[in-house]
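Across the two complexes that follow, subunit A remains constant while its partner is subunit B and subsequently subunit C.
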Partner chain A sequence: MSQLVAQSIVSGLLLGGVYGLVALGLALSFGVLHVLNVAHGELLMLGGYLAFFAFTNWGLDPFVSLPLVFIVMFGFGVLLYLCLFRFVTRTETHTRIKNSLLVSFGLALVLQALAVRFFTADERTISTAYSSEALTVWSIRIPVVRLAGLVVAVVAALALEWILSRTRFGKALRATSEDWTRAALTGIDVRRVYLIAFAVSAALAATAGSMVSLGYSVSPGIGLGWTLKALIVVVLAGLGSMRGIVVAGVALGLVESLASVWIGGQYREVTALVLFLIVLSFRPLGFFGRARA
Partner chain B sequence: MPRAAGALLGLLVLAAAIAAGLTVGNQHVLTLTIQIMILAALATSWNILGGFAGQISLGHSAFFGLGALITRELWLGGQAFPVAVAAAVGVTALAAVVVGVPMLRFRDIYFAIGTLALGVAVYITAGNLWPGISSLPAEVLRSYDFTGPYFFALGVLVAAILVSVWLERSKLGLGMMTVREDEEAAKATGVDVFAHKLAAFVISAAVATLAGSAFAYFSVSHYPNFAFSVIWTFEAVLVVFIGGIGTLVGPLLGSIFFILGRDLMPTDVDEFQVVFFGLLFIVVVLLFPGGLSQAAGRLLGRAGERSTATDRPTAARGRS
Partner chain C sequence: MLEVEGLEVAYGDLQVVWGISFQVPRDSIVAILGPNGAGKTTTLLALMGLLPIGAGSVRFGGEDLVGLPTHQMVDRGIVMIPEERAAFQSLTVAENLELGAYTPRARTVYDQTLAEVYEIFPRLAERRKQSAATLSGGERQMLAIGKALMARPRLLILDEPSLGLAPIVVEDIFGVIRRIRDRGVSVLMVEQHVEMALEVADYAYILEMGAIVAQGSGAELEADTRVQEAYLSL
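Moving on to the complex of A and B:
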């Protein structure tokens, strides 16, 4: 029994890392642009398919194709911003969030339908030569392809934190996120900041997608589920700390796996959702969030 | 007298719908009409909360599903259908109060995320508790025809629209719209913001329950959790925006457009319709926030009404 619990805890931690990675991108678009992109999960799905087809058609290892996926989806993010979200960010914050929710909801429907059309509804998983390999610690199996998800999440969070705190662009990003009108007055090109932040957000979703199609599986309908996970993680962590987001993601994965051991597999998500609602009631700014003026 | 004209037009449409229900034998036409009426009733209920009170809920399917589930279980369990419907409305209204009190403390986006989480949690739980398919028993099926479901769905839709008409004119409904426009200003003018949100939430849930009952009466067989699926929320939101949010006719126009459009589109590529409606939805949100009802209003010459409405304050200013 304790063996089973330990194994589920490890699986939960590893899955939680991917939750954190998906949430990083969402936190970026929500925190900087003040838009809520509910098509974030669909961007993850597209990234997962890119990695899958790069592997099956060109034999590219998912870690080799990772930069490629990042760049392609960065470009797709630029396109989405220029065609859709640019118009949303012209309105004031209050209507901005509502409109972005609605626009991205339409986008999610379109992307999902197109994925069914072109990629079929089948579940896909990248199966590499090392897919079945695992580290064994105290007889607990740690699949390497899933461990990779957690590692990528931590690396991405640290890189983002470094950019945000140490670079000039990061400063511009933080200033824009705090108050875009005043940021514009100090000479920051707010639209450029928005464009890059959104594109990086899309690219991060796709990075997570690569890891999902390597360690888990992708299909056209997975978007909403992942968006919901990312939303939960962002709300739990609050905006302000990238490391906090990965921690919250891991915590969510842990809670889910413990729930599936103690309450039953079919209630793992329900338990996480109910816990989320309770936390939201008592800590509306999240565990790592800072109050905003 | 544009109000009277609107009422007259409504009565004409209603008379046509009743006549159609009595005379049309074409099963396809009846099925489509029932689908339109159920979706329009659901969309109208969402519009009360989202359009009038300005609270974007993404968990609306929970109430539709609860209505369908309770009505169906009691009805097939041997209760009279009206009793089953009344029980469903009572239980959901109570559930809406219990859930609404904590949920409505969340503002804006947190309300949308919270209700989405709730809707998904209820959907999964319903699937776990009622895994088996729910089919009408043979003796009901033998006498099944579309007349009953048709007129019940029509009644539900009329009730939903009448509730909206009442809200649009009552102090309660005006209070909701004040909350939608500016919560601080609403507070300052003495409107109890929370009470108005809760009232909108409960009324909206009760009407969604009725739509769910209509679905329970109409459907020959379905998995109980299907009625809880987020698809119902999404379709309601979609048609409300396409039709025109915050208006009386918007949800109905949007539903007609959506169901007929879906029926007329090529069936060999199912995904095409979703792409079409998804893109249309984006275009409407970004470019035509008034939706179809605004466009239709212009075509039907309601522009005249609009201009008199805006002229009034100018005239008053002229007099003083």
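Moving on to the complex of A and C:
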């Protein structure tokens, strides 16, 4: 195996970890609230800027500011739910997708415009003292700031799985996701479950954003691209396994990388989308998806 | 215990329930019977706060319930078992029962209630690690009732408990409903299966086109010629 191929496999894996991390949040809001938040990528963008300004203005290392970014964007998620998505979740489950598309497209445009106004259109990257450091294994470079993205994704997925399977609130979340009417009849405060699930979804997007501004870069327009990747990952993995989402994210990153080496950089996205179509035609519920009643 | 006065319910412009009144006294089984589309399920959903109430009053133990969110009804001891698949298919039997005791009031006596439920339905104890989706029709209804009991109901509301079950299983389920009443839980149930329901019910109402057309004790309704002609195959 040539050096180039090995190197791009590693880069693909690392980028794929971030895809997985972004998709975790999207899977949560889509799975539990049945809303499709296309402004998910804009929440990532905001998280990225938060981490960037925390670093440049207050000298906070992105790993130190990570819990802070999580909390602030959790709060922003609460606000968005109360002001916007609450009204979408009042409708029947099957009309929520189209209503949420309208609402969140609008939100995405507003957030982008505000970001250009207040943060300028410049591309920003957090450059720490360790930004250029890398592990070298068999002469393949593994940049630590990018490795962090994959590690955070795996930790987040395992934490989510633990919450969903072990805690009372996690079980309430699964119940609400299956059927909100029955969840309410069980005594679960469905609005509260929705509020928390949405806020965690926003906080996860922002967590991914921190990792993006550390290992890659942020600018006001990056949102839609990330939303699309997350959407592809969620559909590939199916709803049902958080671990599966990270695996699908890594797989997508890997395919994109290999496609750009073997077929050509301009075919990277196309190859990923073709793979997406192939998977869907054989596994309509995704690799790890479970049929729902 | 439950007093409903002049209840009106509509889906948008389509009014389905036209000012009905009924009561569920303490420690009794009350049935609302009638054909498909009479507004039985609609009435229950409105009682539980899942459909807006157009007019009328709903009082439980003297407290006005109109406008209360569903989960708070459950916390007050009003627990409804919806039609079919009342348990969560993506959860195990044990997880379903655990969620049944979701409200703080039920949580404090969780262990005790769980032992009682497993005593009433030993089958659920055997299957506790299984996914609810793997249960048979009768076991599903047992789980639905067990899950509702976990919430420590004072009033248990059942929507078509006999639906989709073999007659012999229905007998069992109705037997359990009697036992639940004898433990001091009032029961309100909705049934299409009039003949069997009249056997267990202490009092019944016949609902047609969103209005109550007859009421009385089980025996009175069985003797009523109109009820006999419309619902009982004699």
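Keep this in mind: the second predicted complex is superposed on the first by the 292 of 293 C-alpha atoms of A that agree within 3 Å, B and C clash if a C-alpha of one lies under 4 Å from a C-alpha of the other, contacts with A are read in each partner's own complex, and residues count from 1 in each chain.
By definition in this document, contacts are C-beta pairs under 8 Å (C-beta built on N, C-alpha and C of every residue); 3 or more make two chains touch, one makes a residue touch a chain.
Note that the coordinates shown come from a computational prediction; the quantities given were computed from them, not determined experimentally.
Contacts of A:269 after superposition: subunit B is touched, whereas subunit C is not reached.
After overlaying the two complexes on the shared chain, residue contacts for A:228 are found with subunit B alone; subunit C is out of touch.
Of the two partner chains placed by superposition, only subunit C is touched by A:181; subunit B is not.
In the overlay built on the shared chain, the residue A:171 is in contact with subunit C alone; subunit B does not reach it. When the two complexes are overlaid, the chain among subunit B and subunit C that reaches more residues of subunit A is B. By the document's definition of touching, of the two partners only subunit C reaches A:189; subunit B does not. Within the superposed three-chain model, A:141 lies out of touch with both subunit B and subunit C [touch as defined at top]. Here subunit A touches subunit C in the complex through residues 168, 171-172, 174-175, 177-179, 181-182, 184-191, 290, 292-293, going by the rule given at the top.
Residues 48, 50, 69-71, 74-75, 79-82, 85-86, 88-91, 95, 98-100, 102-103, 106, 133, 147, 151 of subunit C touch subunit A in their complex.
Put simply, subunit B touches subunit A in their complex at residues 56, 102, 105-106, 108-110, 112-114, 116-118, 120-121, 124-125, 128, 230, 234, 237, 241, 269-272, 274-275, 277-279, 281-282, 285-286.
Subunit A meets subunit B in the complex at residues 36, 84, 87-88, 94, 97-99, 101-103, 105-110, 112-114, 116-117, 224, 228, 231-232, 235, 266-267, 269-270, 273-274, 276-277, 280-281, 284.
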